[in-house]
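Okay, so chain A shows up in both of these, paired with chain B first and chain C after.
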Partner chain A sequence: MSGWAVFGEAALVLIGGGIVGLFYRGLDRKIAARMQARVGPPIRQPFLDLGKLLVKETVIPKTAVTWIFSAMPFLAVLASFTALLYLPLGPFPPVLDGHGDAILVLYLLAVPALAMALGGLASGSPLGVVGAQRELVMLMSYEFPLAVVLVAVAWRVAVLGFSPAFSLGTIAMHPLWTVVGPLGILGLAILCLTLLVVTPAELAKIPFDIPEAETEIAGGLFAEYSGTYLALFYLADAVRTVVLAGLVVALFLPYGIAKTLGLAGAAAQAVDLLFWLFKVFAVMVVAVTTVRVGMARLRVEQVARGFWLWGTAAALGGLLLLALDKVVMG
Partner chain B sequence: MSERNPKDPENPVLPGVEEEREVTLGGPERGLAEVFEVPIGPIHPALKEPIRLTFRVRGERIVGVQIRTGFAHRGIEFMGMRQGRNLVQVLYLSERICGICSVSHPIAFTQAVERAAGIEVPPRAQYIRVIISELERIHSHLLWAGVAAHELGFDTLLHLTWRVREKVLDILEELSGNRINYAIPIFGGVRRDITPEQYPKVWEAIRYYRGLLEQLLDAFLRDPTVEARTRGVGVLERKEAEGLCAVGPTARASGLRKDVRQDRPYLAYSDFQVRAITPKDYGLTPVGDVYDKIVVRLLEVGQSLDIIEKALENMPEGEITSFPKIPALLAHLKKAEGEGLGWHEAPRGEVIHYVRLAAGDESLLVWKVKAPTYSNLLSWYPMFEDQEIADIPIIAACIDPCICCMDRVYIVRDGKEEAWTKEGLLRLSWEKTRRLQR
Partner chain C sequence: MKLSAFKRALWVFHVATGSCNGCDIEIVAALTPRYDVERFGIRLVGTPRHADVLLVTGPVTRPMAERLKRVYAQTPDPKAVVVVGGCGSTSGVFYESYNVVGPVDRIIPVDVYVPGCPPRPEAIIDGVVKAVAKLEKLGAKV
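The block that comes next holds the complex of A and B.
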């Protein structure tokens, strides 16, 4: 593939990812509102919000460390969008397939969280500092189960002899559910569940919206952010939602429907892409929307304990079952 | 009046505030984390009213708290004591002390004036006052439950509770003409009767809430996340509640059977045998945490339904006021002399109004109001002890604070506290007017 083609594809994916992210955010808000018996905002509201924020004045507090404070929103957006390029998009392999693997995606997911924490620390507001501390505690808690899940699935695919190993593209091409035995299926189910629990934590949504916690620390990390910078964080968050839901789909639900429908060629690709978008949407509704409607916000120490004990135990248990299954099945 | 604060020249402080007591809370010192201050308020999303809580925290743990009030003193008592303002006009003011307990203050105030002026209240009027005040308790407790859910980040529960709260507001509107500020009590009776056509609507609302109460208890008390956030949080032990003179649901959640309706029945309350509700009535050992406060308030909704039911069944016939004509009432009040105390169990606890009337003067000589939050504010200190930042909003909310109702102002000059008399305040006002005219 020529360099220009990759460039064009990347541009398409990045713009599309941003639009889909914001659109899904609108759907998420609408569905949550209907669940709470409210009318809710129009679905295009996130676009309006973003536009409004972009034309608003960007205030930088006197007490802030200006360059860190200003650099972090850009870092968050860059990392979130870059992660899109490593995500298999239904029938299409990742744009940058072969130039980075699942471990890189893990880092790219951690960077926006770190950027937010640094931005909060640099804002010079006590509320921002508390939010940043909480974000870091959260990061340390959910990152290990997340890594275990990713590594377990990637390892199982690698053992099957497919290459490049650890690439999300490879993983998405070879669904594991039909390869492993009953033990493995149980293990995969546990891993899938763990990832679904980690998803709202990674996205800092209720019950894990602790670093922002509007009623407690008035937005925490974002307390001092406004205008363009806040818009960038908003965009990064929307895109990260798609990336995480896409990750769940790539690891555990990488099936298409075109073959079953007997389609081929461009039509098959179009149908599968739409189906992929639907799967991402379904994962978002299950893991983010319903959870945030049905729960109260937890305390940071409750979350840390939960992830370190139960999250880690579940992820390691899943990995162990997968390994046992490999031994049994040969 | 304001002085420059030498430590912080940007924030002028009122005299006397420097002597404000800072309470350092005991608690194990953990880790080497630096102690720093987190200001909550006067404007903060968790607080619906202006008050400043300055927390000293180590990591997430609270090691000290400083509470400063006085941001929203409205001087309603002073306005009520203004020369040339008659008592019926002051009644409207008393109704506006609190937007949520907007019938509790007038009930306490009218009782105080009635005692001072020796006015009898017909039994039917007493029953109507009881019905309206119990309906108000339902709406206030549901409002609080919604706010508490919101402070916990559980917005779905907020929307649910506030949606079901609409029903009681509709009934209040049906009975009084207003959702808030019902203008029902007047000296010597009430301003509106409950007509036979209105009975079925009230009965329907009672049935609606009876069916709903179990659901609400289930949604609040058996939700694992709500439990995780409220059990063992903001504990006010029985001894502390007693020592700090906590009132209302705040005291009752600590196991104190304290309720003015039970301890000192007034109006028609002696007919209903009200018993103060504690978590024991739900089969729990009272701990005094936020969870217990939710239990008590939700059970009190049921208790209010019982009282309204009984009141509707046994409603006596007769007059609704002993002074149907306002001029006759005003003439009687102008002649009256003496002092009176009125009390009422508002949704937040005991309200007390004290008045003194002078013969030949149609305005009030003295008017003193004690809102329940004034008694409950101190219980914040033990409740915040060794808690986490995350618990601040729910602990602050759990006494159901009504800051503007209780705000006070006091002047310290040359280290001496000065009490402002009616004459002194009048003089101050005249001086200001003259200054403005110049």
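The block that comes next holds the complex of A and C.
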């Protein structure tokens, strides 16, 4: 593929990803409102919010470390959008297939969290610093289960002899559910559940919104961010939701419906792309919307202990079951 | 500067300057399923940096005056101030009290007054909407 074609594709995916991210955020808010018997904001509300934030004055506090404070929103947006390019989009392989792998996606998902923490630390506000410390504690606690889930699935795909095994494209092309035995299915289910629990933590949504925690530390990380910079974080957050839901889909639900419907060619691709968007939406509703409506905020040490003990135990247990299954099934 | 974006995406910060909690509860009542201000895009935020509208309640006690000024300065432009309740509008029952330096418009510029002790949630929503109209009128002049 020529350089220009990749460039065009990337532009399409980035713009589409941004629009889908904001649109899904609107759906998320609408569904959450309906769950609470409210009317809820219009679905285009995130676009309106973003438009408004861009009009507002952008304040840089005197006590802030200016260059870090201003650079971090851009870093968060860049990393979130770059992760989109490594995501298999239903029938289409990742735009940058072969230029990086699943481990890179793992890092790209951690970069916005780190950028937010650095921005909070540089904001010169004690609330920002507290928020940043909480974000870092959370990052350290959920990152290990997340990595174990990814490595377990990639390892099983590698054992099957497909390469490059650590590419999300390869993983998405070879669903494991039908390959492994009963033990392996149990292991995969546990891993899938772990990833679904890690998803709201990675996105800092209730019950894991401790770094923002509006009612205790006044927005925490974002306490000093306003205007354009806040808009950038808002956008990064919306895109990261799509990326994480897309990661769950790529690892555990990489099925299309076009073949079952007997379609071929462009029609099949269009149907599968729509189905992929639906799967991402479904994962978001299950892992983010429902959970955030149904739960209250956890305490910092509850999150840390939960992920270090139960999250890690679950992920390692899933990995062990998957390995046992390989030994038993041969 | 385009202010039309404001109409449907107002973020509100609530400043209590020594209020008795009556008005504050009515403000929270506006968020409940019965009134649901989020359907107009109105959202309560946790920090003045994110806010477009300041909802000020209370008669402004002496120590709060300095804080109120600072919160007003911390809010990025363009912004509007809505005073909720009789205390903030006129000092109410605390008129000429030794520990009260209000009403609010002696400390910071106020755009809209919502009188009442406490005002109903409908009145608060109406006040916020009037504040937006004022912001837009200002925007048209600029």
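Keep in mind that, in the parts below, the second predicted complex is superposed on the first by the 330 of 330 C-alpha atoms of A that agree within 3 Å, B and C clash if a C-alpha of one lies under 4 Å from a C-alpha of the other, contacts with A are read in each partner's own complex, and residues count from 1 in each chain.
Convention: a contact is a pair of C-beta atoms (placed from the backbone, for glycine too) under 8 Å apart; a residue touches a chain by one contact, two chains touch by 3 or more.
This structure is a prediction, so every number in the text was calculated from the model and none was measured.
When the shared chain is aligned, chain B comes close enough to touch A:L298, but chain C does not.
Look at A:Q45: by the touch rule set out above, it reaches chain C but stays clear of chain B. In the superposed pair of complexes, A:T215 makes contact with chain B and with chain C alike.
Contact with chain C, but none with chain B, is seen for A:K56 once the two complexes are overlaid on the shared chain. Within the superposed three-chain model, A:G227 lies in touch with chain C and out of touch with chain B [touch as defined at top]. When both complexes are overlaid on chain A, the residue A:A37 reaches chain B and chain C alike. Within chain A, the residues touching chain B in one complex and chain C in the other are 36-38, 127, 214-215, 217-219. Residues of chain B that touch chain A in their complex: 36-39, 44-46, 57, 59-60, 149-157, 159-160, 163, 223, 225-226, 228-229, 388-393. Those residues of chain C lying in contact with chain A across their complex are 1-3, 5-6, 8-9, 11, 33, 36, 38-41, 45-47, 49-50, 52, 74, 76-78. Residue ranges on chain A touching chain B, taken from their complex, read 35-38, 126-127, 129-130, 133-134, 206-207, 209-210, 213-219, 293-302. By the touch criterion given at the top, residues 29, 33, 36-42, 45, 48-49, 51-52, 54-59, 127, 212, 214-215, 217-219, 222-227, 230 of chain A touch chain C in their complex.
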